[in-house]
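Sharing a structure below in structure tokens format, with a few things to ask.
For reference, chains read A, B, C and D in written order, and residue numbers begin at 1 within each chain.
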Amino acid sequence: MAQSYLWQDGTLRSWLLTRDHKRIALLYLGSITFFFALGGVGAALIRLQLLEPTGAILSDAAYNRVFTLHGVVMVWLFLVPSIPVTLGNFLVPLMLGARDLAFPRLNLISWYLFVASGLLVLYGLFWGGLETGWTFYTPLSSDYSEGRVLPVVLGIFLNGFSSIATGVNFIVSIHQLRAPGMTWYRLPLMLWALYATSVIFVLATPVLGITLLLLAFERLFRVGVFDPGLGGDPLLFQQMFWFYSHPAVYIMILPGMGVVSEIVSTFCRKPVFGYRFVAWSSVSIAAIGFIVWGHHMFVAGESLYSAIVFSMFSFFVSVPSAIKVFNWLGTMHGGAIRLDAPMLYAMGFIGLFTVGGLTGLFLASLAADVHLTQTYFVVAHFHYIMVGGMVSAYFGGLHYWWPKITGRMYPEIWGRLAAALIFFGFNLTFFPQFILGFEGMPRRYATYPAQFQILNVLSSAGAGILAVAYVMPLVYFGWSLFRGARAPDNPWGATGLEWRTPSPPPTENFAETPVVTTDAYDYGELDARTGVADSGGAHHV
Amino acid sequence: MTWLPEASAHAMRIDILLAGLTIISLAVLGLVFGLMGLNVLRFRAGRTTVTARTQAEHKGWGFEIAWTSATLVIFFGLFLWATQLYVVGFRPPADAIQIYVTGKQWMWKVQYPGGQREINALHVPVGRPVQLLLTSEDVIHDFSIPALRIKHDVLPGRYQSLWFTATRTGSFRLYCTQFCGLGHSRMTGTVMVLDATDYAGWLNGTPASGSLAAAGEALFIRSGCSGCHASSRYAPDAGDSSRAPSMVGLYGSRVVLADGRAIVADAAFLHDSILDPPRRRAAAFATDMPSFRGVLAEDDLAALVAYLQTLSPTLPPEAGN
Amino acid sequence: MGRIAICWGMLVLLLAAELAATWAGYGIAVCVAAVLMVLVIVLGFMQILRGPKLAVIFALGGLFWLTILLALGSLDSFTRTTVPVPGPALPDRAAGLQEGG
Amino acid sequence: MSDGSVLDHHSPYETPLHRDESAIAGMWLFLASEALLFGGLFLVCLVYSQTRAAGWAAGVRHTDLTIGAVNTLVLITSSAVYTMAVAAGQRGDNRGVVRFGLGAAVLGMAFLALKGVEWGQEFRESLFPGPHFALHGPDSGGAALFYSFYFLATFLHGMHMVVGIGLILWVCRKARHGAFGPAWSTPVDVVGLYWSFVDLVWMLLFPLLYLIGRR
């Protein structure tokens, strides 16, 4: 048997110059874990500060820098890359039955671009600091900010090219490298989701690039196309910024939906209900997601017509999301459900994403948005999607594919405990913020009226629990690398091609190119092939 | 902690909308969590013998189409409901009291038609429509009064309008809700809703630096506007339009621009025209008007616009979007 | 060779047409010529139709999203000044709405 | 460089044709992405050329049409010459690739040089927006917006030209070592797509910067 990709050549040089998608996924995993921790420290500081109405630990200036750091790092250095560059990089070729991505060298370049962009952003955030928020609205960012706008903006510009490279790689791979017999409707739903994500990577990211370039120009020369002093229009900046940044939300959530589809099917031992609907809902979320960005500007001075059009589209985009949620529930119905840690995370995702999606309806409703926007309601809403949804799915995916990635099992009991704790801590942190928002507490406030203190303290307490819950997987994953039980090829009794190769896989993924003869999630075929009777699955450790 | 008060009829309508949204959300949430719980209880591995689960299901289409179209219908209803309440914000009543609010890092400056000025506070009478004309001297701010359920971004170089009719006296908080730099969280203030007598008393008790229109009249001469533009008093040759359009009756009239667009000359138009003079169609005036950007401050512009409004006495005062 | 020479000739002619149209003040003609030049380059030089079918799909996708960006991105700017304010012609409508605050 | 007409055993592809098609498709996808990068600029142009029409047109009238038109001609020719290099590559004619490739690169450099002359002229005339901006009067704001757009658009296009010239020189170096044959000349084709795209962008920028609104 061929050697596993992990140990084939152990030198540092072989890792840093690798073109193996699995090793690049691990390089990315290390980098984004670092950024997740950094953004988490920012979040912790924010919650500590808001324990007191007058601000517990930071000056106004420091608080503004910390929330900017939290936003910039979490959005561009953790959430946007997260699932695609780690799980996606690892799994796309495996799920396709291919030896690697279409452009392995480009894949490595994208990691280096990511690292370079991360360093540039960190340089700006720590040497001089930045206090514009992650949205960089002009003219604050172009003319009035005293922070290091340029390095951060250029870092994000570079980061965009890293995203585009990943997107191009995934799209071409999915078109060109499917194993014999792997038709579009036999693809795992994870690949449909990543395909949709990649479309957004490729077509939205460049607009962010040019927007930030225009901003940098204006900052550098103190004159530019958004400059109200010349009669320029700061709202045009917002239009262009959100053309990327709203679809970016779907970059963050779509891969999570893909992961959840895989997990739910495996742990219910049942094909995903309404496969084609779920598949096409990913594509339509990506497409409709492009035409809703104006809902960030309902009170910004946008024209009435524009607001109405964008509000209507925003309602439409929630339809495919609803389709997904109900299809997952339909999948569970009549299945053989096992509540292992990945499934707990997936169910957490379904619940919290639903809350996030429903509160999105409040914000899509024009008149309601006027009251709720720019308050903690918005903060709670997008954290339900990003953290409750996306991070849960990311953790669920990590647990699910951990045996495949490392060849070791994680300790199941601890996995379940962490999943439950994350769900609880998350709700305690963010649910009070819905009420705070309705009560009118504005976001990005370093200090606040005393009447909001009780809810803020509750929220901070929840954040403490959440912090502990997020550290736990770090510890037991580390432990499992050395002490965890050896993982079999297919510990969960799952159907995808990635489970038909050893754990961890050899460098060339498959000893011989697999041939696909059935639909995805065909458990009958799995049982016939492996000779296992229908035992309800559970032969994991 | 007290519940957020509803200080206007509009606030009450918004709350009903929010309640509707909340009920729908709770119903959906109950359905999702309920189904998830039921599924977990009924279909745990090993508890039941499930027969047909290895086959892909093909009976899903009916379900899918049913819930997709149900969702669409509900969403469309919500969209119409919320939009109708939003459009109201774009239609200020003609008899509203117009108050100019200027945002500046990090304070709100408020000017009343009678010339009174104050900072970080807004006094309004109960039961009468009030229109705020908002602009900024530097970055983008946002003027938000949660008790009235309204807010609007405040942009440099143009007017935004926000209007309301408070129905309950008392004092309510106002915030800046668009991040504007260092002192963002200190850019707050109070809205005082007074009954008619208290309001009159407050107006009388607050020293006015001359009415806004009077200040504007002085500026109209001092800044040289009257050199070209006819106004009722300062240009005897008011009929002669050879140099520049007359200001008499301009406010509220329709103006056709060089590119063929016809727009109503409202406060926002006048404000912008002083900063960036527009070209008018078929108006062969001898000279181009210079821009007054950087010459006149926002307070000056507010005063000038207030003065120009008095030159169209037949029209009720009103303003731009 | 012949194909390239013909395309080059067409591009030069279209450039001349653009300049002439500018001289005559026909803005629309300039736009049409520019679009034709793009087509000549895409079909003649880049030979999109001789490449893999995916190339056409990707190009059309890019064009479609570019249209979305331009159309919806400019919607706000082009409709902002004409937002209806209750003008002098509509006093009754304004009056009918004033209890809305 | 290994001979590209054979696949090494780690390649994800089944056949060389399969790989080359993927490379070309990938380039087109990247160009779609690039189109949206420039799309942001076109949006800025679309909005201000309408909302600040007078000032924008005043800006257009101050650009140097002669240099612009000559440059357009240079770029058209460069693109055509490079397309001949592509044809040479497909015949396996390495010397042809070098000859036409260098020709295209030299024309590209000529474009950049002319652009530099134009920029120098404009800087001397104080057309770069700022406190000493040359255009005054009621429309100076719109004109300054135009020149902000002009300098950024030409800069960004210029950067693409520099990258394109670099890629062409890289292809020429490979060709000098005899890397291409009738079976394999994909890098020449892929770089050709990029170079033609840079040309294509200029075909749109030229009317926007020099023509529309001039009269």
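Quick note on the criterion: a residue touches a chain if its C-beta (ideal position, glycine included) is under 8 Å from a C-beta of that chain, and two chains touch if they have at least 3 such contacts.
Just so we're on the same page, UniProt names per chain: A = Cytochrome c oxidase subunit I; B = cytochrome-c oxidase.
Note that this is a predicted model, so its numbers are computed, not measured.
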Query = Going by the stated contact rule, which chains contact chain B (cytochrome-c oxidase) and chain C alike?
reply = A, D
Message = Out of every possible chain pairing, which has the most C-beta contacts?
response = A-B
Message = Centroid of chain A to centroid of chain B (cytochrome-c oxidase), CA atoms only: how many Å?
response = 36
Query = So what's the Cα centroid distance for chain C and chain D, whole Å?
reply = 19
Remark   = Residues of chain A that touch two or more other chains sit at 172, 175-176, 203, 207, 229, 231, 233, 235-236, 239-240, 243, 301, 303-304
Key: chain D: positions in contact with at least two other chains   = 21, 25, 29, 32-33, 35-36, 39-40, 43, 47, 50-51, 141
Inquiry  = Among all residues of chain C, which ones touch two or more of the remaining chains?
reply    = 54, 61-62, 65, 69, 73, 77, 80, 82-84
Key: chain D to chain C touching residues, read off their complex   = 21, 24-25, 28-29, 31-33, 35-36, 39-40, 42-43, 46-47, 50-51, 69, 72-73, 76-77, 79-80, 83-84, 87, 192-193, 196-197, 199-200, 203-204, 206-207, 210-215
Inquiry  = Under the definition above, what is the set of chain A residues touching chain D in their complex?
reply    = 19, 93, 98-104, 164, 167-169, 171-173, 175-177, 202-207, 209-211, 213-214, 217-218, 221-225, 227, 229-233, 236, 239-240, 243, 507-508
Task = Mind listing the chain C positions that touch chain D in their complex?
result = 1, 4-5, 7-8, 11-12, 15, 18-19, 21-25, 27, 30-31, 33-34, 37-38, 41-42, 44-46, 48, 51-52, 54-55, 58-59, 61-63, 65-66, 69-70, 73-74, 77-78
Ask   = Considering the complex alone, what residue numbers of chain B (cytochrome-c oxidase) touch chain A?
value = 1-4, 13-14, 17-18, 21, 24-25, 28-29, 32-33, 35-36, 39-40, 43-46, 48, 50, 52-57, 60, 63-64, 67-68, 71-72, 75-76, 78-79, 81-87, 89-90, 105, 138-140, 142, 144, 146-147, 149-153, 155-158, 160, 173, 175-186, 188, 275-276, 293-294, 321
Query = In the complex formed with chain A, which residues of chain D make contact?
reply = 9-13, 18, 21-23, 25-26, 29-30, 32-41, 43-44, 47-48, 51-52, 55, 128-130, 141-142, 144-145, 148-149, 151-152, 156
